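Below, chain A partners chain B and then partners chain C, in two separate complexes.
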Partner chain A sequence: MHIPDAFIPMGQALAYWVIALIFIVLALRWARNSMGEEKVPLVAVLAAGIFAMQAFNIPVPWGTTGHLLGAALAAIVLGSPYAGIFVLTLVLLVQGIIFGDGGITVMGANIINMGVVGGFIGYYGYTALNGVMNNAYIAAFIAAWASVFVSALLCAVELAIAGTFPLVLGLVSMGMYHAVIGLIEGGITAVALYLIAAARPDILERPAGVAA
Partner chain B sequence: MIDDLYAIEKSAYRDSVIHRLDARVKLIIALAGIVAIVAMPYSTRVYELGAVLFAFFIVLWFCSRLSPLVYLQRLLFILPFGIFLIGFQIFVKNKYYDIFHPIATLPFGIEIYAESVEFASILFVKFIVSVSFIILLSSTTKMQDLLEASGRLGLPREFILPLGMMVRYIFVFAETFGKIRSAMDARCFDPFDRNLPYRYRLRQLGYTIGMFFIRSYEQGERTYTSMLCRGYGEGAHLHIRSRPLGLGEASFFAGALAFIVLSTILIYLRP
Partner chain C sequence: MEKKQFIMIGIAIALVISVAAPFITSENPDGLESAFFSIYGAKDFRGSELDEEAAEAAEAKAVAITGNDFSFDAPLPDYGIEGLDKPGEVLAVVIGTILTVGLAYGAARVTARPDN
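Take a look at the complex of A and B:
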C-alpha cells in the first residue's frame, strides 16, 4: 500500500501533501495538548514497535503476503485518531527516508491513506461499533478491517486519478486483496487488543469491553 | 525490511567525503533530485533527465567509496515495491497518450501497446532515479545525523523528540524481532506452513504482535523512568547543536543544487 515516487504526478502529490499537512498539524495539536511528557517515550517506542510489527509478513490465503498497518491498533490503544496519524507519520517518515519504502513526494498520499484513514476509521469505527455491540474485540476486528479496506480503495482511486493504474481494475484487485489482508489485520488487532486488555489493561486509554 | 537495518547503518558509519558532508546538504540534494525527476512530465524527456541525474548519482556513489554491490542489494530490496505497478502498465492504456498501437497479442485477447511500454519505461526511470537518491542518502548518513539535520531544517520539536527515541528503539526492536523469530524457528512454527490450521497461525501471530506491543510499551515506561532520573520534564526537548556549513560544503551544496535545477529546466524547455 506504500505508493512509491513517480506514480503520482507532482501537482497531485503536492495537493495530497497539503491535505496531509492539515491532519499533521491537527496531530501535532493533539500531541501538544494531550500527549503529556509521560507519553512522549511511550509514543516513540510504540512507533518503533509498529515499525517492527510492519516487518512481520502475514500469509494471505492464495500465497502472497501482507503486513499489519497498526494505525487502528495505535488509535484504539492511545484513544485518539490523531495518535494514529502521529505515530504513522513517524513510521512513514523513517520508512520513506531510510528504506525507500513509500516515496517522498507521495508521502502526503501515503499519510492520508494509512495514517488519516487508518486512524479515523480505526478509532471511530471501533468506538461506534463498541457502543452498539458492546463487544470491544468484534468492534476492533471490524474497524481494523474497514481501515485497511478503505485505505486500499483510496490508494486505488489516487493511482487512477494519477493515470498510473486503471480505476476499475485497481478497485477490484486492491479491494479483493486488501479485503483478505483486512481480515488478517482485523483478527490480529482483536487478538492483540485482547492480549493487552488481559495482560496490561492500564495501557488502554479506554478499557476494552466498555463502550466509549 | 528490519533485516536491512544493520546493513544500512553499517554503510552509513563508513568514512568518505560524502559521508562527512553535512546531513542537511545530503538531505536537500537527495530531495531535489527526487523532486526534479518526479516533476518532469511523463514524456521521453524523462530519459534525458534520468540519465543526467543517474550519472550525478553514480559520481556521488563513487565518491562515497561504497561498493556497487551495496547499491544493487538495496535496489533489489526496494524494486518489488514498484516493479509490479510498472510491469502492469504495458497491458493497459493510460491517459497520457491519445493513440495506442498494439505490438503483441497474448492469449485471452490481452494486448501489449508500444505507447504503454514507453510509459512503463518512463515510470521505471523515474522510480530508479528516486530510489537511488534515497539509497545514497541513507547509506551515507547516520540516522541520528538525519534526525539532527531535520531538526535544523525546521521539523517541529513535537516530532523531533519521539522520532529521535523511535530511531534508537528501532534497533532494540530489531533485536527483539530476531529473538522472536528464533523462538518461532526453535518451536518449528512457520506461519507459512499450510499444514497448520489457518486460525491457529493467525492466533499465534496475533499473540506475538500483542506481546510486541506490550513489550514496546513497557520499554517506553522504563525509558520514561530513566529519563525522569536524568531531569526530563515538561518542556524538555532534544538539544541540537547549531552547526554552520563549511565553505566546501556550502560550495558543493550550491553547485549540486544549481546542477539539478538547471539540468531540469534546460531539458524541460528544450524544443
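Take a look at the complex of A and C:
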C-alpha cells in the first residue's frame, strides 16, 4: 500500500508529513517514557522481520498481491500503538530511500496509513477484542485485518482529495482488495504472536491474555 | 529460551525470509496498484491481465493530475541490483534487512528509557 510520489500533490504531501512528524514525536516520547532498554534488541528484530516479510508479496485472487504491513504486530508485541509507528517509520525510511519503494514526498502519508492507523487500530482492536473474547490469537487476527482495511480506506480518501481516485470507486476498490489482503496480515500477525509467546512469554507487554 | 538466543533466532528467521523472498514473491501489482490500474482501465478489477501500455499511460496521467513529478534515483531500485538478476535481488533484500536491524537498533538504543 506504498503510495508513490506521483499520486499526491506536493502541498498535500507536505501536510501529511507534518501530521506524521507529530506522531513520530509522540512515538519518540513513548520510547523515552515506556520503552525500556531491555526492549532494544526486540525492536531491532521486529523491524528486520517486518522489512523482510514486506519483500514477500503473497498472491491473492483478482491478479493482485499483498504483504504484511506489521504495525499491528509491533504494537501488540511491544504493548503500544506508538511501537507500530516507531517500527514502521524506520522500515518505510529504508524502503523509500534505499529501494525507491513508496515515495519520498508522500512518505508522511504512508507513515500515517501504515504506521499510525496500523498501530492504533491494531493495538486497541487487539486489547478490546481480547478483553471480550479472551482469545489473544483470534483478537490479533481480527485487529490486524481491520488495521489493513482501515488503512486502505484512509488511503482511498487521501487519493480522492488528491484527485487521483474518484471517492466512491476508490473506496470500493481499495476496500475490496484489502478486505482480502488483510487476511494475510491477520494470519501472519496471529502466527507470529503465537511463536513469540511460545518462545518467550515474558517478552510480551500484556502476557495475561496469551496462553502459550 | 534465552533472551540472546531468541534475538539471534529472530534475526536468522528474518535473513532466511530475505533470501527466500525474491524466489517466492509474486510480481503482480499490490492492492493499491491494482485499484489504481483498474480505475484507470489498465486492468479488469478481478482480472490478472495488466495492459502495460495503459498502465504507463495511467502513471503519466497521475503525474498530470497531481503535478507531483518528484523523482529520485534510489541506490537499489525495486529491490534489485542492476545486472545481477536473482542473486542481486537476494543481496538487495539481505542488505535491506541488515540495514533495518542496524537502524532500528540504533534508533531504539538512542531513544529508549534509561533503566537506571
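Rule of thumb we're sticking to: the second predicted complex is superposed on the first by the 205 of 212 C-alpha atoms of A that agree within 3 Å, B and C clash if a C-alpha of one lies under 4 Å from a C-alpha of the other, contacts with A are read in each partner's own complex, and residues count from 1 in each chain.
Assume contacts are C-beta pairs under 8 Å (C-beta built on N, C-alpha and C of every residue); 3 or more make two chains touch, one makes a residue touch a chain.
Because the structure is predicted, anything quoted here is derived from the model rather than measured.
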| item | value |
| --- | --- |
| Clash or fit (per the criteria above) of chain B with chain C on chain A | clash |
| Partner chain in contact with A:Cys155 - chain B first, chain C second, else both or neither | second |
| Chain B versus chain C as contact partner of A:Pro41, first or second or both or neither | both |
| First (chain B), second (chain C), both or neither touched by A:Ala139 | neither |
| Partner chain(s) touched by A:Phe165 [first = chain B, second = chain C, both, neither] | both |
| First (chain B), second (chain C), both or neither touched by A:Met174 | second |
| Touching partner for A:Thr105 - first (chain B), second (chain C), both, neither | both |
| Partner chain(s) touched by A:Asn33 [first = chain B, second = chain C, both, neither] | second |
| Contacts of A:Met1 with chain B and chain C, given as first, second, both or neither | second |
| Touching partner for A:Leu92 - first (chain B), second (chain C), both, neither | neither |
| Touching both chain B and chain C, residues of chain A | 2, 5-7, 9-10, 13, 28, 31-32, 35-38, 40-49, 51-53, 55-59, 61, 86, 90, 93-101, 103-105, 163-166, 169, 199-200, 203 |
| Chain A partner contacts - residues on chain B that touch it in the complex | 1-2, 4, 8, 31, 34-35, 37-39, 41-42, 74, 78, 81-82, 85, 88-89, 92, 94-96, 123, 126-127, 130-131, 134-135, 137-138, 143, 146, 156, 158-159, 161-167, 169-170, 172-174, 176-177, 191-192, 198, 201-203, 205-221, 223-224, 227, 232-234, 236 |
| Chain C - residues contacting chain A, complex | 1, 3, 6-7, 9-11, 13-15, 17-18, 20-22, 24-36, 38-39, 43-50, 59, 62-63, 65-79, 92-93, 95-105, 107-109, 111-115 |
| In the complex, chain A residues that touch chain C | 1-3, 5-10, 13, 28, 31-53, 55-59, 61-67, 86-87, 90-91, 93-101, 103-106, 152, 155-156, 162-166, 169-170, 173-174, 176-178, 181, 199-200, 203 |
| Chain A - residues contacting chain B, complex | 2, 4-7, 9-10, 13, 28, 31-32, 35-38, 40-49, 51-59, 61, 68, 73, 77, 86, 89-90, 93-105, 159, 163-166, 169, 184, 187-188, 190-196, 199-200, 203 |
